[in-house]
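Just passing along the structure, written as structure tokens.
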Amino acid sequence: MMEPGLYHILFISATLFFIGVFGFFTRRNLITMLMSVELILNSVNLNFIAFNKYVWPNRLDGVFFTIFVIAIAAAEAATAIAIIINLYRSHHSIDVENAEEMKY
Amino acid sequence: MPNTTYIALIPLLPLAGFLLLGIFGRTYFKNTSGMIGTSLLLASTLLSLYTAYGYFFDYGKVNGVYQKLVPLQITWLEFSKGVSIDMGIILDPISVMMLVVVTFISLMVHIYSLAYLKGEERFPTYYAFLGLFTFSMLGLVISSNIFQIYIFWELVGVSSFLLIGYYYDRPSAVAACKKAFIVTRFADAGFLIGILILSYYSGTLDFNTLIQKLTNPESLELKAAVTASFLGISALTWGLVLVFIGGAGKSAMFPLHIWLPDAMEGPTPVSALIHAATMVVAGVFLVARLFPIFALSAPAALELVGYVGAISALIAAVIACTQTDIKRVLAYSTMSQIGYMMFALGVSKYGGEDGLGYTASMFHLFTHAMFKALLFLGAGAVIHYIHSNEMKDMGGLRKYLPITHITFLIACLAIAGVPPFAGFFSKEEILLAAYHHNTGIYYLALITSGLTAFYMFRLYFSIFWNKPAQVHGEHHGEGGFAMMMPLVLLALGAAAAGFIPFGHFVSSDGNRLNSAFHLNFSIAPVALGLAGIFFAMWLYKKQNDRPDKIAASLNGLYKAAYRKFYIDELYLFVTKKILFNLVGRPAAWFDKNVVDGLVNATGNTTEYISETIKGLQSGKVQQYAMYFLVGVIGLAVLFIYIWKF
Amino acid sequence: MNELLTIMKSEWVISLLIFLLLFIKLGKGMKNESLLLLIQVLLLLNFIGGFFFNTEGSLFAGMYHSTALIILQKNILSLGVYLISLLFADWFKRSEHLTEYFILMLSALLGMFFLISSGNLLMFFLALELATIPVAAMANFDLGKKISSEAAMKMILSSAFSSGILLFGISLVYGATGTINFAELPAQMNNGPLHILAFVFLFTAFAFKLSVVPFHLWTADVYEGAPMATTSFLSVLSKGAVAFIFISTLNKVFLPMQEIWYNMVMILSILTMIIGNLFALRQQNIKRFLAFSSIAQVGFILVGVSGKEPESTASVVFFILVYLFSNLAAFGVAGIISAMTGKENVNDYKGLYQTNPFLSWVLALALFSLAGIPPTAGFFGKLFLLTAGGTKASYLFITIAALNMIVSLYYYLRVIRAVFMDKNEEPVEKLVVNPSARLGLLICGAGILLTGILSWVYDYIQSLC
Amino acid sequence: MNLSILILLPLLTALAVLLARNNNQVRWISFAGATAQFILAFVLMYLFREERIAGSTQQMLFEQQYNWFPSWHISFHMGVDGISVAMILLTAFVVLAGVLVSWNVTKMTKEFYFLLILLSLGAYGFFISLDLFILFFFLEIAVIPKYLLIGIWGSGKKEYSANKLALMLMGGSALVLVGLLGVYFNTPARSFDLLLLSDTGISREAQMICFPLLFVGFGVFTALFPFHTWVPDGHSSAPTAGSMFLAGISMKLGGYGCLRVATLLMPEGAKAYSTWIIVLSSIAILYGAFATMMQKDLKYINAYSSVSHCGFVLLGIGMLTQTSMTGAVMQMVSHGLMTALFFAVIGMIYERTHTRQVSEMGGLLKVMPFISTVLFIVGLCSLGLPGLSGFVAEMTVFVGSWENPDPFRRVATIAACLSIVVTAVYILRAIGQTAMGPVKESYLHLTDARWNEKLAAIILIFGIVAIGTAPFWLSDLINPGTELIMQKIKMVP
């Protein structure tokens, strides 16, 4: 069996990216939206790794970057969750459509 | 020639009077203002007489020809090289003659007004305005620069405006003064453009240079001015015609005469001074001033002057026969007499015997000033006594106003051209000139002279004879010395002025002109005049119904004449309907709705757009992200595929 | 080792402050007044200290670098933080989480510092996140209010999304060039499709932070919902920091793609000015109003950005300084009023001049400066931006920008009219302005009046570029 | 002399006003300041004439240059020539009169006078600055005080008018700004310095773009058709002193800019566009006059007539002959004085009768002789009576315009000449219905002018008469300046 090439992986990551974007646009539940963001970030991670492995094997920036992205994603998620909890306190729901008070 | 700068004082003294009385009059000189104004004017009258003497008999003549002297000239405002407004004094026969006339008549009026307007509230203001007027008129006659004459022209206009509006609380007076100012202003616009044309071609504004350049056939300026043409008429002719329009406006020539009758709203002495003797002849003076150019370079323009004069003379005479307000009658007669002067100039040529018309016109100006001022002052005395301008309130006054009666009679005879009174001589010369050069105008003039005699005596009889006087209550006599003295003096003038050998002093080219006197020629006019007089006597000496019968018999003409041939209505139509409704109102509307509307529209559209796109900010965070992605993709597509580098 | 200390001095100081505050928090609580006073003093010291013992240089193989200009920019930011601590004293005093708030704010500031002096996309990304995430938390600090948490939610989600985009872009950059180091990138960059795609992704991340149309939509809502202090921090400091790094990146890293980004900037700037103005026209809430006006201001900044070096950088930095004074003054007045009366509507400002002339004059000054009316500094700021833009831009671009000034003047005058002209039955009552807030307003006012007139300020900035 | 005094004096006055303790102090301080400016202006003129007589021939006198934003090549460059001196004199007259007229403003007196002085500061700075940046700076300084003056102390639909005025003027200055930047970037010098630019010259292409921008931009200030609509509303809503400043000074800023910046710097542009200028200004003259005929409110009458009169200014500039330009400047000065006086009188009348509707008045000459007399004088000046300033200026413009033989310009000139008739019509209507006619009983108790009003009127009348009776000093003052502009224009192929 042939082993996967760069483009396969890029394809997967791109798909992942757009799945994430789609989820972000369509999901009503804030937590789910957050998960979709995570998908996007992970697709980026895939990109980094792939590029690092196939294109620039001797430049390790990609790997490091991935590590940091994971860390940041965690931090972001933490803050977001906190905020969402707070929102739940005031709105008694975590449906994004209930938080559209400010507009125009 | 001796130092003659003192002549500057002649206009400046009245000006001083104006400033003094105008600023401090109401507070300090409540009662003495009349004496102040009069004495100042007396001084300048004496000065001008002295000047006249000096000019005519001493230094004015150089080997038999009267010179144009310019004793004083100051650059007032320089536009560009050579083209500048100068304030100066020009001395030549006509200006000197006018100096005398203006100061003398004005002095008479000053004296007369002392009594006539006694106790008026705005007595000082009145004398201030008189001073202003006299200053401007004198400045006008001695102008050495065509723009200077325009300046004083305007000043004369405004002082007449102020004096007509003297009784400012009478709506009729207000309307009259506005009318007078606007009509003359309209004419002045023509004058201004005329000046611009002339000055452009001659490259100067100074009278002497101007005339010298535009009369000398060799000069390039003249060639340019004649060759350049618009609508087939040479630029020079255009210029002169436009200048003449200015003159016609001031001199109430047809069809710009409509302001003059209404101007009678002013105090009667003012009418005597401004609207009979001096200001209204300014137009004649202007044409005379530019006469060489008219005569030598633009005969066409001169012809126009002639016809306009003749027509005005006739029309005015006809209208005068039907008016019942005595001042209006006099006003129309003034217009008709000025018509005489105009066409006298029109039929004249430059120099020698052919220049008779010029001399005659000036002569008539001189004599007319005398008797017309006299007539007005006399009418003033009557009105002062009767407190009315209407003929129907008058009659049989000869017993009550003997002096007025006599002087008035003299004046009437003079204007009717009955020998040996002043009017006779000047009119004779005019008719003679017309007879020689333009028979058509001559006959018009002849008819007019007959009519003149008729309507003047119609006036005379219906004031002093006709029905017995209905004098009610209080008798304050004829108005005392201050009012009678001018009458008498002017009567003397009106009686005797004719015997001055005018041609010796005033002529088109400054040479001595011996006006021969032909008895056989003068039969016709005199006969006509007498006929007119007797007809008037037959109609108006005793109270009867003949006038009404005749009026009825030629009712259409009579009605038309009585309504002044509907010219006022025509003007009213043009101004109110056309200028106001068809130009002014649309302009205002356009500004309010279109121009301003556009400005507001921009504002409103902005508001509108901002209202319509507010949906962009939907408050949905997911939509925000979507727009975000759209932006990203849009930019990427734009710069990768469309906008290549 | 000591190089590490000296070059990164300002970051060290901020970190120390953060830890200090943490310890204070751990220790038994102080009273808000004294704590606030302490914080104010510390921030003041930090600001003043920013001018001394600075050394230029770079660390970590160029990941971090510091120049005189960068130090100046950092000082501007510290000044901003100091002013915020002064202006919103009334609000701070009443909030029970004062320490946390300042810890978050300082860490955001730290992030900005790193952001400005980052020399590497990794560093840049980390700093950007550090500068963003705490602010999201800060936006949530009006704990009782619904809109506050809504604002925070909108902010964190959209910023997460944008950082996703950013990261994708970075990954593409890395894939295309194999480096994420600012120093090496220019040599590798070209106008190939992949590069452009990568660039667009990065660019939009900047645009998002600067709230450039069409990436601006989060701005208004977040500004409105967040507490006044956070709003002003967002509108002045975040924008300032990002603008600094934005212009330097464009002019250094993406120099090879100049034409592309020039046109991109031009299009977006026009869009931003117009949309911002159009929306600002009809805002009633003062914060929302200022939000959109600040969007329009960003459009102006982009005009400057589009220009040639060094004028562009100089004018942008100068404008940020001016904008900091003006906007903080405006927010300060609004903050004082809303903190004391809870009124945040433009109509509530009617007749303000009758009761509070001082506040009115400061507000007027601030708005005139934002509108670019002489003799306020805003006039010079805007004029220099336009002139800088003129070094490259077309007449059309400049004309559109100039015409937009009219629209902006219109809505600034709306507020002026309410304050000075309109009658009102129950205007804002006479307010006793807290001394520190008064001091802050005075500083802002002085800044607005003097920064422009004293030409050496600008010349100093230009000399650094 | 040191020109910066002209800026510092108003500045100090304004500060002193801010520090004043009560309204009386405010009034007297500003009066003192205005008087000082008045005297200063005369001193300036005297020294200027001395210098010229002494034979100094350089374009600008009393030049001063301080570095300001060297990195942009901006410098605080001041200097005056005859034109600026004339305008400074005008400003001094109007300011003094304005301060006197608004003596009994009771609402926010301090702020009122502060803004008034600020306006004058802007005007002085504008007229003495030789660096386009500074020029623009002072041009815009004046905008906001106007807005506040109208908005706070105005009457009628003041908010609307104030907004309109501020926005349209802002629009004008926006165009000016673009034009200035165009000039800045199209010269090798990369400088805003007026003299430098006029020496080095600007490329033809740039002129074709920048001239209209600058001219229209400045034109908005001086009521260039069709950008004049701020004039009627602004003037009619403004307080008396406000309208005096607006019409007397601000509208002149535009004319001055058109002449000094647009035409001097870009002669080719001026030549290319002169036809358009003439068309627009002739329209403004006639159309303004006719629109005036229909107005019923005194302030509107004067506002529209200002549109018509300022048309003469632009016409004079557009005709591009030296005489006409001199005329344009004279018209600026004359109209400034005249219209200021007119607004002052209207203000006095309004204060007493509480109406500005012509139809509701009548016979004021009886109850307030002084005010009505002033009304007469100013009216006559406006319709161009010799002996008053209006005549001199208009005639100069006419003669100058007539100097170029091209028929189209001839027609324009004739049209302009005819407008003086229309002027007569509306002025006489206004005067006839207000001052003359039967007096109303309700007015019989009204009082005549107070000392301050009298003083203000007399000051302005003095100026008007001084120009009207002795125009030569003014034209001598202006001519060298216009001559220089003409040289530039003559050099154009």
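Should a chain be cited, it is by its letter among A, B, C and D, assigned in written order, with residues numbered from 1 in that chain.
Operating definition for what follows: a contact is a pair of C-beta atoms (placed from the backbone, for glycine too) under 8 Å apart; a residue touches a chain by one contact, two chains touch by 3 or more.
Here the structure is a predicted model, which means the values were calculated and not measured.
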Farthest chain (mean CA position) relative to chain D: A
Result of counting contacting C-beta pairs for A-B and B-D, higher pair: B-D
Mean-CA-position distance for chain D and chain B (Å): 36
Interchain centroid distance [CA atoms averaged], chain A/chain B, Å: 98
Averaged-CA centre spacing for the pair chain D and chain A, given as whole angstrom: 66
Interchain centroid distance [CA atoms averaged], chain A/chain C, Å: 27
Contacts with 2+ other chains: residues of chain C: 153-154, 157, 161, 220-221, 410
Of all residues in chain A, the ones touching two or more other chains: 24, 33, 96, 99-103
Numbers and ranges of chain B residues touching at least 2 other chains: 603, 614, 617, 619, 621, 625, 629
All touching chain pairs, where touch follows the definition stated at the start: A-B, A-C, B-C, B-D, C-D
Parts of chain A lying in touch with chain B, wherever the complex brings them together: 21, 24-26, 33, 96-97, 99-104
Chain C partner contacts - residues on chain A that touch it in the complex: 17, 20, 24, 30, 33-34, 37, 40-41, 43-44, 47-48, 50-52, 55-56, 59, 61-62, 64-65, 68-69, 72, 75-76, 79-80, 82-84, 86-87, 89-91, 96, 99-103
Footprint of chain A on chain B - complex, ascending: 614-615, 617-622, 625-626, 629
For the chain C and chain A complex, residues of the former touching the latter: 122, 125-126, 129, 133, 136-137, 140, 143-147, 149-154, 156-157, 160-161, 163-164, 167-168, 170-172, 174-175, 178-180, 220-221, 224-225, 288
Chain B to chain C touching residues, read off their complex: 603, 606-607, 609-611, 613-614, 616-617, 619, 621, 623-625, 627-632, 635-636, 639-640, 643, 645
